[in-house]
Amino acid sequence: MRFLMTTFMLMEVYAIVAMSLNLLLGVAGRFSAYEAALMGVGAYTAALLATKLGLSLAWGCFAGALMGALIGTSFQVAARHMDFFTFNITSFAFQMALYETLLKWRGVTAGSFGIFNIPRPEIAGVSFATLEAYLAFTTICAGVIIGLLLYIERSPFALALRGLRDGEKALQSLGKNTFALKLKVFAISGAATGFAGGLLAGLTRTIHPSMFFVYLSVVLMVFVVAGGRGNLRGTVVAVFVLIMLEQAITLIPGIPTAQIGAVQRLFYGAVLLGVIMFRPNGLLPESPIFARTKFPGIKPVEGGFAFLAQSDGQRP
Amino acid sequence: MTVEPIIQVRHVNRNYGDLVALDDVSIDIPAGKFTALIGPNGAGKSTLLSVISGFERPVSGQVLLSGTDITNVPRHRRVALGITRSFQDVEIFPTLTVLENVLLGFQRQFGERLSRLLLTPRDVKRQRDEFIAQALGVLKTVGIIDERPDEKAGNLSYGQQKLLALARMLPTNAQVFMLDEPGSGLPRPMVSHMGALLQRLAKEHGKSVLLVDHNMELVLEYAEHVIVMHHGALLAQGSPDYVRRHPEVIRVYLARVDQDPPEGPAAPTASAGVTSHA
Amino acid sequence: MNLFVELLAAGGVAGAKVGIAALGFALIFYTTREMHFAFGAVAVAAAYPCYWVVSALGDGPVATALGLLAALAAAVLLSIALHKYVYLRLRSVLPVVMASLGISLIVENLIQIVAGPDIQVLNYPALLSVVEIGSVRMRVLEIGVFIGFVIVAVAIDVFLNHTRVGQGLGATMDDPGMAELVGVRTSRMRIGAYAAGAALGALSGILMLVDTGLKPANGFSLLLYALIITIMGRGSMRSVAVWSLLFGIIRSLWSWQFSPDLQELAVFALMVSYLIIRDSWDRYQFNRIRPISRPAGPVAADLRA
């Protein structure tokens, strides 16, 4: 039972991060390889604030979100003009640099010792220390964040992001500030990832740099690709299904314990390769945000271009 | 009767290394008229379009919109001020549907602002529905591509994509519509359809249309005012009749290959350019 | 001073080790533009057959040769198969990145399951004997690696610039469309690049095997360094060779003044910074409008502006 609850919470946490990555990668068309380390930054921020300053983890998560937004935005702004290959590599190098920082900045992060005994939050006198209570906490937070992400996915903002992916020049010729768009999506994605890191810190109560190594970044990509690039609902499904299968692997008899991790990573690699080769659009392919068929009640405005002359508060 | 020009280009220079694209160019684009910008390859037409729309920065000189200096205004802001443009390479959004392409043309959408999305979702929804209705209306009036609004734009034919690129500009509510070779590579009926639409914009709605094209039909049939460029500078400008009889224009075009037999009695009308590039 | 020289030498050797892999990866990437993320995993995995052969047959010259052959064959065959049956089919950039990431996970963990996660080493006493050069003590192996790297780098350079086949390869790197047009068999060039690159990768893996030891997890870091140096090289194999040495030397010299613990961090941070600065500089140069002196009369007639 505890195992199920813990797994469920892990799913919630990774769903948030994977959806953020999908927002960046699938919707806005921007590659990203450092999500794992960004999660780590969020986790460490929340954990350190909780253990060293006694700040409730609930606030710590927000602090983690802020850090995530700041770091993600700064990096993307610095690297905004790079061609795909250079950006790809710089993204990986950034992941490694962040990981190394977590590992080697012993004074702050305690390096390879990790941080333990991270206290779960207490809000208004209510303690969420037990696993059940923390499950409630995580589920509420995850519910809100995932709900927000799904709402944003169906908005004109997301449509503009897709336009950004398809043709930045054209989007500019239609009056959209593409730089501001990019800043916003990097900030949202970074914040959600950082927040999820904080949630993870409270779940496992011990964090260690190895939890945020580059392999996790690749696994996150697997979630995005398998669920469907550009479809955030698909990501949620993929996270749940794949993590369930991953856990199921531990139940297969005959695998030596030391090798379970290898089998699990092998599994993820196979899923990634399989999806890319045989079902590249993923489980739930991207669908239009505004389909005519979804708005049957709306009638076309008549009168040719007459509406163009109207200024109903939209023209300066 | 002098009409205040809507766009004024003053002493604009633009070069790429040793290559001079615009050579001390000063041109007025008249307001509310259908203006054609023609000239042989390398004349600087597309560069001028880019300078006016903000996609290129001049080395020196000014661009004025209704008297206001917009030389340093970023390109996306110029749309809010009233200038929109299309591109020579189609540049529609291929993975988005026809309807979605047009939807992106609307300005100041509440739904693009995160604060609005979170705080006033009902307003966002209302405005979105309004825009969808207007977008469908635009598509209906533009015609041809309105039959399948949910079709992915990448699946449309080349001509339909060019029409979509034009349709997409309409919701911007701009005063100035600049089109870079909208008719190139299109069958005649499509070209006429487009020309008629643009003429409506100018005549019925007072918009200023600036068209860069090699297709002399579009130019001669629909344009009220023609500007001819050569070697990055202004060669001649005036009514279509004036321009086609202008000795300098004739001299410049005489060396070029004719596409169609001359239409006028005297002047050998030449099509612009040997290749399809402006 | 002595420490400095030692660090310099150690850095040069480290750079040479990474350089062999980087040259292999660069050959593949510059020629095919395919981001073969599985390069490191394949290189490491291919060294295992060598280990098995030598473990089974002893470390005499014949067995060693067979082992080398096994490793090279494994690497080359696997890499070419990946190119032909996976990457070529996918064509566009992002799917190739994803697929190769998936393959690298598969290969690396398959090897780990088969051979275990622990470090394996092949000891060749002759290679490990220490030699003194000036004030520096180095192992024969290290000198061999450095010399080997230089030979490979020079050979590649000579090949690309002075042989017909090599010039065809160089043309494929610079402009495959043009190359195809003038009769270069670019698809064969690509296969050749994969073969050569895989061989160098396998060599890299074997070097690890006889030196510090080989474990499956080494693949990814090997790849990452090779990848970063390749991108920094920007299409020039010479740059790749130089950057590899610089990388090794800088990383080593870091320990001269700073904590050796932070070596990796320093190197990654420097690489990221360099890439960002270089990109911004390129952008600045591109956008800078250079006014020219006005020539007399019209210029550049009929050239598309």
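As written, the chain order gives the labels A, B and C, with residue 1 at the start of each chain.
The working rule: a residue touches a chain if its C-beta (ideal position, glycine included) is under 8 Å from a C-beta of that chain, and two chains touch if they have at least 3 such contacts.
Model, not experiment: these values are computed from the prediction.
> Quick one: name the chains whose C-beta contact count is the highest of any pair.
A-B
> Using only Cα atoms to place each chain's centre, name the chain farthest from subunit B.
C
> I'd like the Å distance between the centres of subunit B and subunit C, where a centre is the mean of that chain's Cα atoms.
A distance of 49 Å separates the two centres.
> On a C-alpha centroid basis, what's the spacing between subunit A and subunit B, in Å?
The computed centroid separation for subunit A versus subunit B comes out at 41 Å.
> Let me have the rounded angstrom distance from the C-alpha centre of subunit A over to the C-alpha centre of subunit C, please.
The mean C-alpha positions of subunit A and subunit C differ by 32 Å.
> Considering the complex alone, what residue numbers of subunit A touch subunit B?
148, 151-152, 155-157, 159-160, 162-163, 165-167, 169-178, 181, 184, 188, 286, 288-293, 295, 298-305, 307-309, 311, 314-316
> Residue numbers of subunit A touching subunit C in their complex, please.
Contacts found on subunit A: 31, 78-79, 81-82, 84-86, 88-90, 92-94, 96-97, 100-101, 104, 214-215, 218, 221-222, 225, 258-259, 262-263, 265-266, 268-274, 276-277, 280.
> Can you tell me which positions in subunit C touch subunit A when the two form their complex?
35, 86, 89-90, 93-95, 97-99, 101-106, 108-110, 112-113, 117, 220, 224, 227-228, 231, 261-262, 264-265, 268-269, 271-272, 275-276, 279-280, 282-283
> Would you mind writing out the residues of subunit B in touch with subunit A in their complex?
53, 55, 74-77, 79-81, 84-87, 91-97, 99-100, 103-105, 107-114, 117-118, 121, 124, 128-129, 132-134, 136-141, 149-150, 168-170, 172-173, 200-201, 204-205, 207
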